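Right, one structure below, let's go through it.
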Amino acid sequence: MGILIDKNTRVLVQGITGREGSLQTGQMIDFGTNIVGGVTPGKGGSFVHERPVFDSVNEALKETDANASVIFVPPQFATDSIFEAIDNGIELIVCITEGIPIHDMMRVWPYLKTSSARLLGPNCPGITTPSASKIGIMPNQIHKPGNIGVVSRSGTLTYEIVDMLSKNDIGQSTSVGIGGDPVNGTSFVDILELFEDDPETHGVVMVGEIGGTAEEESIEFIKQMSKPVISYIVGVFAPPGKTMGHAGAIISMGVGTALEKIQAFEKAGISVAKSPSDIVQLVKNSL
Amino acid sequence: MGILIDKNTRVLVQGITGREGSLQTGQMIDFGTNIVGGVTPGKGGSFVHERPVFDSVNEALKETDANASVIFVPPQFATDSIFEAIDNGIELIVCITEGIPIHDMMRVWPYLKTSSARLLGPNCPGITTPSASKIGIMPNQIHKPGNIGVVSRSGTLTYEIVDMLSKNDIGQSTSVGIGGDPVNGTSFVDILELFEDDPETHGVVMVGEIGGTAEEESIEFIKQMSKPVISYIVGVFAPPGKTMGHAGAIISMGVGTALEKIQAFEKAGISVAKSPSDIVQLVKNSL
Amino acid sequence: MKLYEYAAKEIFSKYDIPIPGSSLVSDADGAEESARKMGEVVIKAQVLTGGRGKAGGIARASSPEDAKSNAKRILGMSIKGFPVKKVLIEEYREPIKEMYLGITIDRKKKCPVIMASPQGGIDIEEIAKNSPENITMVHIHPLTGIHEYQARMLANSLDRDKARELIDIIKKLYRVFIDNDCQLVEINPLARTKDGIIALDGKMVIDDNALFRQDFSEEETGSLEEAARKNGMSYVGLDGEIGCIVNGAGLAMATLDMIKQYGGTPANFMDVRAGANAQQVKTALEIVSSNKNVKAIIINIFGGLTKCDEVAKGIIEIFPEIKIPLVVRLSGTNELEGRAMLGKYGIHMASSTEEAAKGVVGLGHSN
Amino acid sequence: MKLYEYAAKEIFSKYDIPIPGSSLVSDADGAEESARKMGEVVIKAQVLTGGRGKAGGIARASSPEDAKSNAKRILGMSIKGFPVKKVLIEEYREPIKEMYLGITIDRKKKCPVIMASPQGGIDIEEIAKNSPENITMVHIHPLTGIHEYQARMLANSLDRDKARELIDIIKKLYRVFIDNDCQLVEINPLARTKDGIIALDGKMVIDDNALFRQDFSEEETGSLEEAARKNGMSYVGLDGEIGCIVNGAGLAMATLDMIKQYGGTPANFMDVRAGANAQQVKTALEIVSSNKNVKAIIINIFGGLTKCDEVAKGIIEIFPEIKIPLVVRLSGTNELEGRAMLGKYGIHMASSTEEAAKGVVGLGHSN
């Protein structure tokens, strides 16, 4: 049934009355996601897409049995929403918000680690298990049920790849965006471990990018996985020392160039795709 | 071999060059404790009782293989020493210091909980396993090897009771002072669990006092223990609302009077001694 | 250390928590003068105890003359043994609603806890007992501090219409709690008035252990408690006839319990702390013996850091001047030296707490 | 956002981190005047790039005349493409020892890391590579902040004789790092002089995401980067001939890589972010096309929050004015509507990133 979410996942939307929150709630409902309600302080008692709105997560949990939440609140309030979700025992927290100050996320991290919550993001497109549930903002139409797990640090690039897989008849067990910020809640290894243990996943596509060492840190785990992993790493052409957008693609202390990552992967015997269409080929060859 | 410490425990003294630190280091060496060195910032390179002094715990660990530390530094610096010991992977930290601000200890607590360190104290007399090792300030001559575990929130009252047990030929497996401050590192239950699992301990004397709910929280565990527990709880005469010394004996929100504790213990069928000599009788009867 | 209402409110004001305009005076003329400027006022006794209202220590006055006569009356009062030396003259503010807001330390969870109740003005322990559903309790992680969502939950539980104002006050009060090393900070009542939310009373208890880094100077009271504290010891006066000097709070409480068991009543609790020297022991004896009710004194020492010979030295220095019978128990560090020193003076010696307690009760009865 | 040396030092000074006396001037006469008051000075080009020293942007002057001529020379310079508009005139301080102190974020451990080296003045990355044993790295828990023992360890590694002064500076620099939402703060060199420890240079990089709560105003540069940022987009200029407009940083980087694979060279990186509207797309096209090297433009959109019809609307508004060939790829939200709108204008359409990249490289070559 894929990883982390399924038909029984009950989702609360934090920031449901905002423009994006409301729009995406509609999209998730269309997809079939079980949205049980939303939270916007001061808007308690109203409804969005026929779902009840509450003033706090605490109040929402008195009336609903949500076990996951998705966060659409603006960056200056987003970490407060993460703390609120953690403190109320939400098991899966998906933070879509882009532009959260890195110092705020550094303060979330040790707190998150001592809780049992799983945080995807921030600055991520969310997670989709086709024909079951979608939490986040990936376009509804790109998914197709199947046996390939997708995990990525990017947003739109993930859509591109999932779309291309689907169009080539390669369905997905679950597609996960872990987010592009330098400090995020879930690592490649966390997701790879789940895919390795998921009987419905037969292989994994992993999409990395320049900056940090998140990709390198997954090599040892990938080497001992029983399932094939196809990687694709972007940012080869991104000149060192330049910040490529807000994606956290900052090269620091000489580590984290895309070329270094690719070389490390190839040295470890992990397949590295040259382009999205190359991913399709490598996946087909590996199964 | 008792709990938490034995002949192989290698002890670092934080604040070794101070008056008390130096005095007590001598006493511990006389007892047979394996003191491997000490730490006092700015005094690195000197010696106290022929033990080397270092500027930091980090430097001490490069030259010694300490796995426990005892803290004698003044209250305004003591929590910094606790953090230093935790961060350097010291397994057992015994903090003797009295008078640490409660807000400082509240900041230590969640940090401690996410580490693997065990903290005894602060404001505690330490721990002694007769004929093996003593970390702290209990008088050397009061102990006698045997099979009774002692755990107490008090200092001098512990000496009184241990001394009385020894004089009545009741030896101890280990005697532990968990400290009298409102926020401390180790609870009665933590120590009771260790005594329950220790084959050399045949029964336990537990000394509680007015204030807080540390005693009440141990009742459920005591009820399911296989070994007899004799309790003694002081402060029956302490008038409610008055702060009895610095011992953290503050009654808050109507809970924690000595009488309430005694009644709760008796109701749970746990032996409650009326005086130190009564403890001796009850221990003898129970074995 | 408890702060007076006026001192707590001065701190609130520094943190921009709204309080009524006020003036602290120590005579009736001052009260009249202040009331002339303020209009309708409340006159409040400044004492470090609760229950002022019931005792008549709070009065409303609509004229300066009225303020003067009330201030005069209140300044002549003594509330639960505390003489009223100062009154706070405060602008009267009509409360539309009285709420409770307090922060203290939850010993069990080892963190601050904020308590809010829409029912204020009365004793929070009463509310906790009789209608706990009316109290919202929020625990704060000491390392992250208060989260906005927590302040919001508390504010909504108090008065949803004034949530924004209340969130602000709650966050500020948490800063007061942290910055001042509080064991307790309380606003009761926190009132909604036509001009907004305002703190009508204030209570603060500061952690004595943190006074080294706080700027609170203790008022000189000349009390025995104060004399002990200044000498690094801890004294609490009680009603009985047996003076007690013990090292360690636990042993001191055990000693009190034992005196009671043997039919005596302690005149005080006194902990001379670990490592007391001769000078401190001497001072302790001076303090304890200065209580006229004391008929006999017990000195109960189990030496660890404290050395028995030092204790004996202190006793010997002052023993000739004290006309009250003593029982001394010395065990532990340098026990033999200490006992030998006292032996020469014919002081009653005991070898255990129980023996000492039994002995001192006997001396007290025969004295 | 990078700060100039003088701005970083102003902040250091606010936190009582010692810096030399100085004055910021924009002309040679100002330099002369300042030097007259200060005596021996150093004249330092204020540019947002490293390597000033090697480029000749730093000079010592022992007379006002000398200062004037050097300032004149430096104010005429351009360092790595940055014209020198201001120079800092600073009192010369003879360093007895030059050290390094910096704080940045360790992405792997997700916390601040403080780096100290007794060898300063030169590139820390060089030291890290060639003699890592000379760097002491201490990780800080974001919720507890720096512990005294950590500051002491770092100070001892720098200069044991001046540990007390250094502990103080290290703790203050950590406050600078936290209070100002820094990604990097660096003192290099941190010098020991006969008068004490002093910061001879300063570098700060502020997290752009935190600018909403910080009081830094960005200097107007009139650059394309700035124009994009003001419109909520992200632009980085590169050396090639293919203009790029993409939504999402990951897809944008993939697009750049693909253009390179097909033999082209990107003229820029541009991320229009999630949810871009028609106005932003129009502005993006204006920005990208204003680069004279651009021979062809690729617009690569995979709509999620971004709607393809909005993108098409933006393109249509400005398309007639742009004389550069375009390849547009629209997928995802409202894809059909967007494609239909552009169809009428005869714009080259592609159905995947690869097709679009291949197409735009072809157009670039033929243009």
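Each chain carries a letter (A, B, C and D) given by its place in the written order, and its residues are counted from 1.
Following the convention adopted for this analysis, a residue touches a chain if its C-beta (ideal position, glycine included) is under 8 Å from a C-beta of that chain, and two chains touch if they have at least 3 such contacts.
As the structure is a prediction and not an experimental result, all values here were calculated from the model.
Chains touching both chain A and chain B: C, D. Note on connectivity: the fewest chain-to-chain touch steps from chain A to chain D number 1.
Across the two candidate interfaces, A-C and B-C, the one carrying more C-beta contacts is B-C. In this assembly, the C-alpha centroid of chain C lies 56 Å from the C-alpha centroid of chain D. Centroids of chain B and chain D (each the mean of its C-alpha atoms) stand 54 Å apart.
Per-chain CA centroids place chain B at a distance of 28 Å from chain C.
Counting partner chains per residue, chain C has residues 141, 143-144 touching two or more of them. The residues of chain A that reach two or more other chains are 107, 110-111, listed in rising order. Viewed as a contact network, the protein chains are fully connected, with every chain touching every other. Residues of chain A touching chain B in their complex: 110, 113-114. Partner chain C is touched in their complex by these residues of chain D: 143-144.
Contact residues on chain B toward chain C in their complex (touch as defined above): 20, 24, 75-76, 98-107, 109-111, 125, 137-139, 142, 152-160, 163-164, 180, 182-183, 207, 209-213, 217, 234-239, 242-247, 249-250, 252-254, 258, 274-277.
Against chain B, in their complex, chain D makes its touches with residues 141, 143-144, 147-149, 152-153, 156, 163. Of all the residues in chain A, the ones that touch chain C in their complex are 41-42, 55-58, 77, 80-81, 83-84, 87, 107, 111.
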